Amino acid sequence: MTTTDPRRPGGVLLRILPPGLYSGRAGAIIERSVLSYSRGWLVFVSGVMEPLFYLLAFQIGFGALVGDVTGPGGRPLDYVAFVAPALLVASAMNGAVFDSTFGVFFKFRYAKTYDAMLATPVGPLDIAAGEIGWAVLRGGLYAVAFFGVMSVMGMVDSPWAMLLVPVALLVAFAFAAIGMACATFLRSPSQFEFVQLAVVPMFLFSTTFFPLSVYPVPLQVVVQCLPLYHGVELARGLSVGVPDLTMLGHAAYLFALAALGVVATARRLAGLLLR
Amino acid sequence: MTSAAPAGRVVGSWRAAWLRVEGHWTWYRRYWTSTLYSTGLQPLLFLVAMGIGFGSQVQPGAATGGLSYLHYVAPALLAATAAQGAVGESTFPVLSGFKWQKDYLAVTATPVTAGQLLGGQLLWVALRLLLAGIVYVLVALAFGAWLNAGAAVVVLVATATGVACAAPVMALAATTYDEGARFITLFRFVVMPMTLFSGTFFPITQIPGALRWLAWISPLWHGNELARGVTLGGLGVLPALGHVVFLLAVFTAGGLAARHYFYRRLVV
Amino acid sequence: MVEAKALVKRFGDFEAVRGIDVHVRRGEAFGFLGPNGAGKSSTMRMIASVSPRTDGELTVLGLDPDREGPRIRARLGVVPQQDNLDSELTVRQNLQVYGRYFGLSRSHVRRRAAELMEFAQLTERADDEVEPLSGGMKRRLTIARSLVNDPELLLLDEPTTGLDPQARHLVWDRLFRLKSQGVTLIVTTHYMDEAEQLCDRLVVMDGGRIAAEGSPTELIRRFATREVLELRFAPGEQEPVVGLVDDLADRVEVLPDRILLYTGSGEAALERAHARGVRPVSSLVRRSTLEDVFLRLTGRSLVE
């Protein structure tokens, strides 16, 4: 377990990273998060409730204003069924970004939690993996709760829809990793405006609430570059049970983003903390 | 050290509250860029996403009073934004005055009293909302979101709605001694549902009758009704008066409670 | 300037100030000396007219703080225990914004801010934000801020707690200047050296009551001897010695780590102790301080 061991455990990712970054103790960091959150359980529960409020609003409100919309494969789709899977992945994104930016920033700049951790055998990659793992875990819990409500409301009618939960986890993973890398660049709390500036438009415009065809063609291309768009496409396609090969592309995009985030985070933390 | 000087003196209550606004303005002049997104851009993003994007899927019908969704949602979206912004400005910034920055303690050591301090804070929130509202109305104009000059009155309605929400939240902030975790709960369980279910995006007649009273007690619903009334019409004088009275009542009750708790916390 | 009779402050069941009489004269530097929790800060807040008294009488600048708070505060300067500067504003803006609360004109606060930054040796940092300033600089700025309205009475709650020795002396130096300009100072502190340095007259507070009152030299003369002999022993060796030395001084205090002998001449007492075969690890002869006064009055050390 020593950081100087040349035959370190782990795959390609760990081998391309500088040595001394990893001790295999990411679990301890997740444990810490669980402990600290077990006191603020209300915040946690309220995070589960938020997307449900949205779902309810769409069920009774927005859905009644809109007839059918064009769903995956060109099929007409009930509006609520159109928006629900998108909300699922959007809430996974929001939860992950919140945890990996706000949470990490305050621990990093003010509480000096990481300085304390690095005084132990724990390395920066442990921290990155632990924090990202925690954000994914939390995002996953939200997703499961959301999925449960979707099934109760009769919105799950394809066995493929079971894959919504792993999709939400993937989205949470990608955004947690990228979010944490970005958090290491933030200097003051007021800069969280930039995080909002990235997340809110993405939430609103990644075909979450209306189909891609609404945009003029040049904007369609821009939207298709947004990471959340790929999560939404993946989730929407699976929820109506129309799997196709493009889904592999969407998944690959998100995986690439996640890998980039993890590497960037570990390198940034190593640069900032192990000076 | 002794400048041939007028020493300190007591000023009237309105003047004292205004001096607080001056203090906030000094801060704002340094930091206004950091508020650009939340008060300037975000409401417009929502207008574009909901009014134009989502609106493209909505057929004008009975629910929207025969109007396009953009025209239907634009006034209410301003009121909802003002309510959210006002709550935001009344939670952590106020708690910080008591607890972190402690500038409230510094101010009440001067001739300015706790009540005047509160008045200054409310006045400041109102001015911020007014400013944000004007920006919103002008930009929304470019999107063709307004049917008539009533839009100018919507700014006043939205500001009033926001200030009515701010007063009780400041009372809550004055009784908060922890790190403010309850504000997150407030946002998720009160502000967010209020935004969704107060007739901002769809008429409250779509809410099941048994739960509709929740919208009736929400200040935002009254603000939304007024906001639509002044620009889209269709609002009688008596109902309008009722909405105004309700907002006034929330503001008065909240303001008195806040005043009580400000004194209890600062003058002990 | 300040007149208190049987002044009481209760928070619920807790009685922070238990009936004190205080009389502060114009132009003097008056101190409240006592350990944390003695009731100093509660008293200060009542004088600062931000805390209504529970019982007793209090007039500040001839006015009743419960009814004339704003009028009193217009003529006071307050330096709170914890700095509450606006960390997001510049040094200059802190002074100007604060000055405006006293109803002073813009041009006046502009001029005054420049003078005060000079006084607090902060002119070079005038347009820097407050957040990155050192503790000593922030403290000086807080003091400068309290002077923006040319107060007749300046209240300082623990003015140098948490500062390093150099920064403390700088603050003391500025306070001396104010005093020589005729500003009345009221200072609370739990540092006896600060009280001795700054105060013409002081009260020793303990448990919400006043234990003694006078000038530092008066108090020392009244409650201590001219000199003190301190004897330190290795652990366990102190106990048997006490009986050997307790008749060598006017008074003997046995502390956990040393014995204090209060006497007119420390050297003489030390010689006689040596003659009796007492072999301390170390010995020290020094002048009595307010610390000794406090020990005498309360049986406890000031700083624990």
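Note that the chains take the letters A, B and C in the order they are written out, and that residue 1 is the start of every chain.
The rule is short, and it goes like this: a contact is a pair of C-beta atoms (placed from the backbone, for glycine too) under 8 Å apart; a residue touches a chain by one contact, two chains touch by 3 or more.
The shown structure was predicted, so the numbers you read here are calculated from the model rather than taken from an experiment.
S.K.: Which of line, ring, star, complete or other matches the graph of chains that touch?
M.R.: Topology of the interface graph: linear, an open chain of contacts.
S.K.: Using CA atom means as chain centres, which chain is nearest the centre of all the protein shown?
M.R.: So the chain sitting closest to the middle is B.
S.K.: List the centre-to-centre spacing of chain A and chain B in whole Å, with centres computed as mean CA coordinates.
M.R.: 31
S.K.: Taking each chain's centre as the mean of its CA atoms, how far is chain A from chain C in angstrom?
M.R.: So the centroids are 55 Å from each other.
S.K.: Provide the C-alpha centroid distance between chain B and chain C, rounded to the nearest whole angstrom.
M.R.: Spacing between the chain centres: roughly 46 Å.
S.K.: Among all residues of chain C, which ones touch two or more of the remaining chains?
M.R.: none
S.K.: Going by the contact rule already set, what residues in chain B reach two or more other chains?
M.R.: 31
S.K.: So in the complex, the part of chain A that touches chain B is made up of which residues?
M.R.: The touching residues are 40, 42-43, 46-47, 49-50, 53-54, 56-57, 60-62, 64-67, 69, 79, 190-191, 193-194, 196-197, 200-201, 204-205, 209-211, 214.
S.K.: Hey, which residues of chain B end up touching chain A in the complex?
M.R.: That would be residues 31, 34-38, 41-42, 45-46, 48-50, 53-54, 56-59, 61, 63-64, 69, 181, 184-185, 188-189, 192-193, 196-197, 201-202, 206-208 of chain B.
S.K.: State the interface residues of chain C toward chain B in the complex, per the touch definition above.
M.R.: Residues 11, 45, 48, 50-52, 69-71, 73-76, 78, 80, 82, 84-89, 93, 96-98, 100-105, 108, 111-112, 115, 119, 145, 147, 149-152, 177-178, 181 of chain C touch chain B in their complex.
S.K.: Could you list, by residue number, the parts of chain B that touch chain C in their complex?
M.R.: Interface residues on the chain B side: 1-3, 5-11, 15-16, 19-20, 22-23, 26-27, 30-31, 101-103, 105-113, 266-268.
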